[in-house]
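One structure, pasted below without further comment.
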Amino acid sequence: MMKSPATHSPGSAIEGRLSTGHVEPGFESVRNALDAMLLSDPRFSAQVTAIWRGRTVVDLTGGPDLATDSVTGVFSATKGVAATVIGLLLEQGLFDLDEPMATYWPEFAAEGKGEITVRQVLSHRAGLVGVDDGFAVEEFIDSARAAARLAAMAPQWQPGATHGYHALTIGILMEELVRRLTGRSLQEVYETEIRAPREIDFYLGFPESEEPRFREVLPPAPTPAEAAELSARASSTDGMQALAFNVLHSELPPAGGEMGPNSRRMRASGFAAIDGIGSARGLAGLYQAILGGPGGEPLLSKSTMEQMSREQSVGPDRVLVLPTSFAIVYMKPNPRLDFASYRAFGHDGAGGVLAFADPVHDLAFGYVPMPMQRPGGADPKGIELSRLIRASIRRLQQ
Amino acid sequence: MMKSPATHSPGSAIEGRLSTGHVEPGFESVRNALDAMLLSDPRFSAQVTAIWRGRTVVDLTGGPDLATDSVTGVFSATKGVAATVIGLLLEQGLFDLDEPMATYWPEFAAEGKGEITVRQVLSHRAGLVGVDDGFAVEEFIDSARAAARLAAMAPQWQPGATHGYHALTIGILMEELVRRLTGRSLQEVYETEIRAPREIDFYLGFPESEEPRFREVLPPAPTPAEAAELSARASSTDGMQALAFNVLHSELPPAGGEMGPNSRRMRASGFAAIDGIGSARGLAGLYQAILGGPGGEPLLSKSTMEQMSREQSVGPDRVLVLPTSFAIVYMKPNPRLDFASYRAFGHDGAGGVLAFADPVHDLAFGYVPMPMQRPGGADPKGIELSRLIRASIRRLQQ
Amino acid sequence: MMKSPATHSPGSAIEGRLSTGHVEPGFESVRNALDAMLLSDPRFSAQVTAIWRGRTVVDLTGGPDLATDSVTGVFSATKGVAATVIGLLLEQGLFDLDEPMATYWPEFAAEGKGEITVRQVLSHRAGLVGVDDGFAVEEFIDSARAAARLAAMAPQWQPGATHGYHALTIGILMEELVRRLTGRSLQEVYETEIRAPREIDFYLGFPESEEPRFREVLPPAPTPAEAAELSARASSTDGMQALAFNVLHSELPPAGGEMGPNSRRMRASGFAAIDGIGSARGLAGLYQAILGGPGGEPLLSKSTMEQMSREQSVGPDRVLVLPTSFAIVYMKPNPRLDFASYRAFGHDGAGGVLAFADPVHDLAFGYVPMPMQRPGGADPKGIELSRLIRASIRRLQQ
């Protein structure tokens, strides 16, 4: 008879497959759920951290491929970290969301783009999804070159007509905006003004010294049914999605290929779209820094946080086809990805990573699974863990 | 052998379950359909009234829980009645739809809302869906207090980004606008300028003297399959929908609880979002008053009716998730709720009520079912009755 | 044992059902696919032509009802041809897309339409879907009369609120704009400046002399399952779609009835919405003329082509209900109709016709099936042939 995770005896075969770490009283359901996930799939690993009212109430790791101090590539969850740099510059009064982008970046006015606002650019509305002949990897690393190409382009849809996930170009656009506003790189501003002072375990520009802790992102292991479904809905190689993912006339490699965080030079660059490296603790720590809390000034004032997290783009996404919701760069919960309250803001990543701040609950959350989970984007298991955490908070507050 | 409704003999057991009232020649299919609905579900009651070219061509009641002169709570169908007050003030030239709301309500300009127009507010586009800590019931009754809170808020989405059903706050916003424009309450304007002169059997502010005719709204009686489906798609308690229905951190009570029309003080207040009381005759009479007809000047000029009924917000609804279509407060038919012609305007209610005016057919329609029907909003049976009425008209005109 | 199309022996019974014409080396898969389509349905006929880098690489005809030199009605694929006239006038500097339509057509300003831009009108956003009492056939032929009625109307939705396929009125609106800008008819500009100099086998205003080559559009032959599905989703006769197709209170006749290209006087008029006549060669030739190529100046400059083909309206269509994507009149590929690359522009037609230019591949494509295929709009077989052609090009370029 199989013992329940809550009552297993030390030393059993099952124990080796359960999570380690701690949960505060009232959050036991989170550990139970994670343990059930680990038991049902021996290849599954995960880190999950939740900080409620400034206190770490959940901090668990389990599975064969992630240790407590492991860090890995989080793909697009990187965007939520980079967005926080943008928020910091907004807080500092360096720009206005409703100014034309060309105010700060004059070359951007080319080809009728003179009136496109920073708000539109940063909420996936500008229609600068990619370039016809693709970007070279070097252009992601030295993104001023890529930015010059975007500045020279005509938009791919009439600005304002729709929104669509600028999967890679949003990173280029954020990096150029920060350079224009500060003369420094987004990565440098992040490191000096956000990460280092708080010792957040999340890097834009992963140092060589931390490499021993790095775990390669493992490609997904779809079930045969999932593989068949994926193959059936394989998208065209010359459509808007192929353009956005820089894979025109080819296929997206499963773990991002040479553009992705498994490439040492990409994670060294910390490209703001997809190449941040960190842990669940690091992601939760970043969002906790935004919220502030006991003994910590919030990184963003309430007003800046409100401006950054207000929903800007909602509905069917021209690139991803699915409905998406975006604030200023940050992803918002929506009925398809119902990961937190209506005030929450964060980002998911291709492999299943999910991280957010939720002002309604005063909650910061980070979740990192391994290998890459299916379907792409926020792993349903991470959303379920978030749901259990919020239900625990609700019970504790009654 | 079961007899068909059309040929039943007086005094039979079936007769007691059939509708009473009358239909004009050519509309017999409507009675047959309603009788079939009544026979197939002994718990089902309904009133249906249709006025074509100013003549009552269908006026039927049936089932155990509604009499011919019963009145009950119609939930959001109230909004279509309240919208008619707004239309009257537009007709009187008291405001312009394209003016900022703050022109008439200066406090509304707070938190960057200075440019939000009356048109946006009244078509569910302003992003003022609810307040973080919920409204107290008293704030719906004395809605100036609730309005002050909305005026002070930052919007929940970038104005213009999307539309989403302001299930309760649209009532607060309409009431405040009427107060600002006239110095009187929306309920008082309705009573003196619309209801009383025409003896319309629909009340915003239900008088004590009419209480004997009031029937409580009965909660829905879902089949096990429906119950399972409802439970499966239970929405989060901290999402935009929970915010809109003022049920953050809890569940929506089945008949609206203390906010709903089963509460004597709420129906006495006649809160413009959900607490109107009336009958199918009253609803049809209200929409007939708008259209005008033999011996009656229309309440709204053709131009005002066009402005009020023009489609403003179309597509996936940020709050309800389903596609919705709204004119100025009024609901418009759409492919999901195909209740009348493209020129029609009206509103449904949570329990299944449906009422509208249809200028293409010169038709006013009211339908009130009991208990609350599933799924929420316009009852498919009411839509089917509308379809049969319009088909009858088409045949009579050939 | 059935022989494969590639190896059939001359004179066999199968041969008579295979395509004739030619494919260049590398494009054999296109012929094989078309032959398989022809063999699987003896009632199916088709023409398909593809021009790559100015060279005709596919030119095939097969089936009982279309010969190599046949021409037929292409319904809405006509709109892509008429759009090219609009592009020519834009190239000539005769108008600006962002000017109000009323700048060129003062009467259009009536009923609050003074600020609706040419861009909005030509991307199905103006809300002028039809007229309450329908257009007479004569008003399509002498469309200045129909245009005067549209100019006098209030829009059916708030301009900008949504987009919806102006199935017939877009033709009226294009024709009136050309008259106002040039004093000539759209058909005359097309004939003298586009068709005649290039001997394109596509006519707006089909000459009597070419009648012997004309094949009537045959109504669809749905399978019983398709017929049942069609009947189940029969739309209302008083909704926005019935308005758009000019069939209020009635049903759309299967091949367009007296409005459609099977009517001699309609194809003689060449009404710009649905009554152009031509072949797959003609359609491919038209789009090839836009792209230009060896020995031919492009009809539109790169900048004009970009302006005309940029996506303007994306998402759920208020009239067709399905998601649609439009540039300036031209239809764009979208995930539902994934017919070419993100830069492509063209149009489909009710019977299944598909034609486009694709600047990414330097490809012009025309496909004409017979009888009308199901479901309406671009035939999935045409999309599959386009996919094979683009895959062939990709292989040849490697």
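Each chain carries a letter (A, B and C) given by its place in the written order, and its residues are counted from 1.
Here is the rule we go by: a residue touches a chain if its C-beta (ideal position, glycine included) is under 8 Å from a C-beta of that chain, and two chains touch if they have at least 3 such contacts.
Since the model is a prediction, treat every value here as computed from it, not as a measurement.
Novice: Rounded to the nearest 5 degrees, what angle rotates chain B onto chain C on CA?
Specialist: About 120 degrees, rounded to the nearest 5.
Novice: Count the residue numbers both chain A and chain B use at their shared interface, divide by all numbers used there, and answer same if that is over half, different if under half.
Specialist: Different, since under half the interface numbering is common to both chains.
Novice: Please work out the Cα centroid separation of chain A and chain B, and write it as a whole number of Å.
Specialist: Chain centroid spacing, chain A to chain B, equals 42 Å.
Novice: Can you pull out the residues of chain C that are in contact with at least two other chains?
Specialist: Residues 315-316.
Novice: Hey, which residues of chain B end up touching chain A in the complex?
Specialist: Result: residues 127, 132, 154-158, 161-162, 235-240, 243, 248-249, 315-316, 318, 321 of chain B touch chain A.
Novice: Write out the stretch or stretches of chain C touching chain A in their complex.
Specialist: Chain C reaches chain A through residues 119, 123, 306, 310-316, 323, 333, 335, 338, 340-343, 360-361, 387, 390, 394.
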